[in-house]
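Below is one structure, written out as structure tokens; the observations come after it.
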Amino acid sequence: MNPIWLADVVRRALNEDIGYGDLTTEAIVSANSQASGTIIAKEAGRIAGSEVAALAFHLLDPSVNFTIIAADGTDVQAGQQVAQVNGSAGPVLMGERVALNFMQNMSGIATITAQAVREAAPYKARIVDTRKTTPTLRPLEKYAVRMGGALNHRYGLDDAVLIKENHLAVAGGITQAVSLVRRRVGHMVKVEVEVEHLEQIPEALAAGVDAILLDNMDIPTMRQAVAKIAGRIIVEASGNITVDRVAEVAATGVDIISMGQLTRSAPALDLSLRLCLQ
Amino acid sequence: MNPIWLADVVRRALNEDIGYGDLTTEAIVSANSQASGTIIAKEAGRIAGSEVAALAFHLLDPSVNFTIIAADGTDVQAGQQVAQVNGSAGPVLMGERVALNFMQNMSGIATITAQAVREAAPYKARIVDTRKTTPTLRPLEKYAVRMGGALNHRYGLDDAVLIKENHLAVAGGITQAVSLVRRRVGHMVKVEVEVEHLEQIPEALAAGVDAILLDNMDIPTMRQAVAKIAGRIIVEASGNITVDRVAEVAATGVDIISMGQLTRSAPALDLSLRLCLQ
Amino acid sequence: MNPIWLADVVRRALNEDIGYGDLTTEAIVSANSQASGTIIAKEAGRIAGSEVAALAFHLLDPSVNFTIIAADGTDVQAGQQVAQVNGSAGPVLMGERVALNFMQNMSGIATITAQAVREAAPYKARIVDTRKTTPTLRPLEKYAVRMGGALNHRYGLDDAVLIKENHLAVAGGITQAVSLVRRRVGHMVKVEVEVEHLEQIPEALAAGVDAILLDNMDIPTMRQAVAKIAGRIIVEASGNITVDRVAEVAATGVDIISMGQLTRSAPALDLSLRLCLQ
Amino acid sequence: MNPIWLADVVRRALNEDIGYGDLTTEAIVSANSQASGTIIAKEAGRIAGSEVAALAFHLLDPSVNFTIIAADGTDVQAGQQVAQVNGSAGPVLMGERVALNFMQNMSGIATITAQAVREAAPYKARIVDTRKTTPTLRPLEKYAVRMGGALNHRYGLDDAVLIKENHLAVAGGITQAVSLVRRRVGHMVKVEVEVEHLEQIPEALAAGVDAILLDNMDIPTMRQAVAKIAGRIIVEASGNITVDRVAEVAATGVDIISMGQLTRSAPALDLSLRLCLQ
Amino acid sequence: MNPIWLADVVRRALNEDIGYGDLTTEAIVSANSQASGTIIAKEAGRIAGSEVAALAFHLLDPSVNFTIIAADGTDVQAGQQVAQVNGSAGPVLMGERVALNFMQNMSGIATITAQAVREAAPYKARIVDTRKTTPTLRPLEKYAVRMGGALNHRYGLDDAVLIKENHLAVAGGITQAVSLVRRRVGHMVKVEVEVEHLEQIPEALAAGVDAILLDNMDIPTMRQAVAKIAGRIIVEASGNITVDRVAEVAATGVDIISMGQLTRSAPALDLSLRLCLQ
Amino acid sequence: MNPIWLADVVRRALNEDIGYGDLTTEAIVSANSQASGTIIAKEAGRIAGSEVAALAFHLLDPSVNFTIIAADGTDVQAGQQVAQVNGSAGPVLMGERVALNFMQNMSGIATITAQAVREAAPYKARIVDTRKTTPTLRPLEKYAVRMGGALNHRYGLDDAVLIKENHLAVAGGITQAVSLVRRRVGHMVKVEVEVEHLEQIPEALAAGVDAILLDNMDIPTMRQAVAKIAGRIIVEASGNITVDRVAEVAATGVDIISMGQLTRSAPALDLSLRLCLQ
């Protein structure tokens, strides 16, 4: 991840929670109180976000010590230690909620992603995410998806081309759309087109796209599409594919399964910070 | 909501998604193409975030028209229209994903909140949220909670005092902690103390707190706590209370039920924007 | 105070003063010149802002040493040393004005506040500030008020409710206004209502507000109001109360005296930095 | 003033006051309530900041109408109307405090400046401000000084050279300091040197500075300095010159009198906004 | 281009030039003076940046009229009109330099790019830019390159993979490097590898990269490389290729020619704004 | 330079280039790889920007070592070492392009400036820059000009007055324009007026300006202007003066030669970073 961007977003999060100051901690905790604590997983899952949690404390006080026990991408069981924090009690208490909020959300995404990846493991299909992410936190969520063992679809509207139904309507067809796009983008940009019907596939192949997205097709249709495309370009299955449907979709032979669920509906992983203050 | 803050966050979200530019739309859509479309609920739920979605389009192009059909706080059925958007096709396509991402997340929170509120309806207990929110987006999530019919707990560390177990450990007890806090905060700040055992309640009452938080107590203990407190101060139940447990917790007679689940694990509400381009 | 916010505001202040660069210092002072100096109080007062002054130097050069002699909240006499600064001469000279500007303004507020607090000392009344603060610097000014020994009224429009005359006009009365507010805010928010006539007090008491603000009442009327309220809720006196009027207002028996003067019209405390360069 | 900078600072001020939202106004005031009101001077003074106040409302709602009655730079009497505001009641109530805080502080500065200017009127001396301004708000305060009829000293460390005692100590004398500076700065930068003793004046004149600052000299010494300099370069008097001392300082024949008091210790001008809501 | 980003950068540019205010214009130009003027090309070239210039005026005053005569991507002759501006004289004068600075730099890039494109026209090779751009202004410069008729190489380190010599050194070879990269990036990311010797080409082909960059090869070696690759993947020539060398490089049969010169060393196109004030 | 501003601009540049992360480096380079390298001048020139390059690495990783060999303002030959960098390979690779882009552009400006300064050396004329700089990077470019041995003209519209033809048109003449300006600006602001004809000089001298700008005059006219002004005020020659014309312009006896070319059309100096990775 980009450390400059990351520091900015964690600073914004700390500002949001602390506001004018932590009324409770400022009143009660003296400057020389020390705290040491352990982040514990209260349920099983895949960890992501330790570096972000560490930064939440370090931006408040660079002398706080944050030791990672279960690194990002590791699976933990309920009750297992994830990280330890030691330092001045004030910044530890002020940073706690922000550190946990980031880490719980990111670990929740990594956990559900790891489940999807396990479902797809027997097949060649790779799991990827979508742009259905929490606004302004996409880099963290796409990182969590990677920690879950999946890969990232495009990051935004600027790093790859995905020609959707609406674009086709304006352009007047796949051939025209791809031709317009090729005039605009350089040789390092991949072009994917979204199709809803098998009939569109020959035109897509002829137009020379790099990948084809099968939008909301049922399993038999997907299988036919895979057969038609016959390995010439990358085939992506998309549209409300949840973890429990991954295996059957993967079995159709698609190369890529994209899942909005990974970043839209992942429950947070339950982590808690048990502190001991001196 | 604060319009100045809101415009900033939506601008950040648009920047995140658009980056250097929308490669696909810039290549395909001409400046005079028009688009009109409808946001449809693909499942039943409670709407929140229409104003945010509208802003996503308006910040790209003030002339885009966004008409709200189902206002924030309204329940919709699957298939129902939520809003309409009309305008220049470029900005409509560029703003679509950001608008939906905000609205789906916020409606997801409003929907689960509305369920919790319904569970508590026969009792006097009010549902509130927590600080377990998505970092940097708390105002949106707390707003969505209100659209779900619940109320907000404190916004951050600076607008109310919540003395937790860790603070008690440092201060040496409830009496000392409350006394330190009262010296620091003005007459408009409420003070709540978190207790884990019934034995702490008399000290809390004597210390003169405004509210008491029963942390992770079982139902019979909560009932005893409510009896002990006997209406003298506000009683809040907290700790992993999910929608299916709301009714039994509310039945203990507590005044407030705070639920991290509302903002941590609410699945996004499925909304889609069907466009028609000219 | 929130260290993230504080660093931002001090950075903005340094940018404002330094702009493209310090023409004089860059031309004259070589990179290895050292400076040591002492901040002296040129008049008696209460100190506030040492931490802010220290930060002004540290943000320019982390190796500058800033030693606090008279901590925030301490009273100093004319001629007394307040702090010492040692380090590279360039950053010391470039940060001097910004450090002093913050510290003089904050100490000015602390000084006048301490005077008000002394006036109120024989009575139970506590002194608090208002929202009449310098735009964008409120957290510093509210901190200075606390260093003067007073407490803070609400920080902004979002952390407590104050129903003013204008709100009453729209709502149609205290009862209706309080009822509307209670539906909107959670259990951690206090509600205060502003009254201008004794006749409004019974309705305010009946509506169940947490505090009542007596707006611009004369002393006998305040005394009657205090009698009517009889300790049931907090009573605040407000409206052009200057230091010389504090004692007579406090003598009426009010609980809280809010003073715009503390942050609007406090003359800066005269501090100077005497440097010795090598 | 720079409109881009101004909008930024007013936005920051609104964010500070509104935070997550105006709890009171959001609860009580409906979207179609209208408000109209008048800003009244509650004491006599010189107005500055109307444009800033207008912006506070316009940034919340561009449709609010703000009509200036007493323009910046105008003198008003107690009770006189300064401006009128009409529009949607929500934004009017939410922007009121920020608008007034800016305008009261700026008008306070303009008022005391106008007094100083009146004192100097019989003499050739011009009043100027200093860098002893409120951090991050200098452009507003320097503008207010101009509305008071005075001129601005340099804006910051980057637009003119002022060689102070400390710089002289490092450089080893006026001649050396001026020579170092002339090598660094272009032909559009003026150079002023601060002197504490009459003996320094010949060296300053010989070094070819554009102006000489007489630092904390008594009246007879100033008079001697003016005689020595004999109109060859600009003479500035500085150092704790308050309004009541302006006339005697001006009578010494100096060209410029700089006064920290204008921006450090000006009491806010009392303005109030009386609203009428429908 | 992304309108949100663009407004931010133009605002920053205006702030840089205007600072505290335009001393000259504020002193001389009254609020009701009007100005109308024409931007003229003082030498022949390709125009880019009209939209940016327009924004410079609109951000200062939305009522200023900016009419584009020679649209971006158009070639103009010396003396030809490029755009017209009409409006309040103050903002027109304050925005002039910023508008011209953007437009001259961007048109300079478009102009040299158009020359390179013309050189390559008889061949299949496409001209692309590099990451050797002016820091923080890359989107403007890449846009100008497109207006010159060329395409963009990757935007940054995050939208495509370019394995350079240094990466190969760390990875231990092309095969290992490509394998590591494929595990990290999704199906929409292209992978290019930089080679310095013909001997590296078979390994690159075998590793399955999407493109190969011939780094600083001489013409005969390039020709051999093209022959070896034989159209299987995209071939890019890179390394100090200036406009006068484009044709000979293109003649080798490469697909892509990347040129740092386009954005690093393009002289600004001379444009002037002739105003007429009333 | 202002270190606060500088850190901001380098952070923005790093964000621009790194975006969501460096796909290549993150995939290939492990956390404990080390890199050491040398920045080499590939052509002769004057160095500027080492401090900026150092910061690019330090902001990514404070432990990276950056040793300056050829300090800013030094002339280097092709092949000469300029600086060395050692540290963790990840940040070294991620910061390389940004560091070089800044340093190449700044050294390009210093190099052409040094040429101009050499041309003017036999004469009294000093070379200065203009406001024709790259938007948002002016302080870097003006610094580079100084490293080239020249001086800076005004930084922006706020630090000095330059009355141009358009201002004269509005004011109705030099006398009126200067009089309006003198009422607005303090004693530390210099006033220059632009003249196009010899006839305007007497009025300019009478109006008491500090400097006169001869706009686009031919050599004989400049010589006449210099004679007319006769040393009473500073004379600046301006208007498309390129390095090859400096000597003949300087020979006319002007005091100042301002050159837009220095910052508008300086080709970047070719620098490369040769890395060695372990």
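Letters A, B, C, D, E and F name the chains as they come in the text, with residue numbers starting at 1 for each one.
Here is the rule we go by: contacts are C-beta pairs under 8 Å (C-beta built on N, C-alpha and C of every residue); 3 or more make two chains touch, one makes a residue touch a chain.
None of these values were measured; they are calculated from a predicted model.
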Statement: Turning chain B onto chain C by a C-alpha fit takes a rotation, in degrees to the nearest 5, of 180
Message: So which of B-C, D-E or A-E matches B-E, with over half of the contact pairs the same residue numbers?
response: D-E
- prompt: Using mean CA coordinates as chain centres, what's the chain C-chain E distance in Å?
  reply: 51
- prompt: What is the distance, in whole Å, between the centres of chain B and chain D, each centre taken as the mean of its C-alpha atoms?
  reply: 44
- request: Find the geometric centre of each of chain A and chain B from their Cα atoms only, then give the gap between the two centres in Å, rounded to an integer.
  value: 22
Statement: Within chain C, the set of residues that touch 2 or more other chains is 2, 18-21, 138, 155, 158-160, 162, 184-185, 189
Message: Could you list, by residue number, the parts of chain E that touch chain F in their complex?
response: 9-10, 12-13, 16-30, 33, 35, 89, 93-94, 97-98, 100-102, 104-105, 108, 131-138, 155-164, 166-167, 169-171, 177, 180-181, 183-185, 189, 240, 264-265, 267-268, 270, 275-277
Query: Which of the residues in chain B come into contact with chain C in the complex?
result: 2, 126, 128, 146, 151-155, 158-160, 184-190, 192, 210-211, 234, 236, 255-256
Field: Complex contact set, residues of chain A against chain F
entry: 1-5, 138-139, 142-143, 155
Message: Show me the residue ranges of chain C that touch chain F in the complex, using the header's touch definition.
response: 11, 14-15, 18-21, 59-61
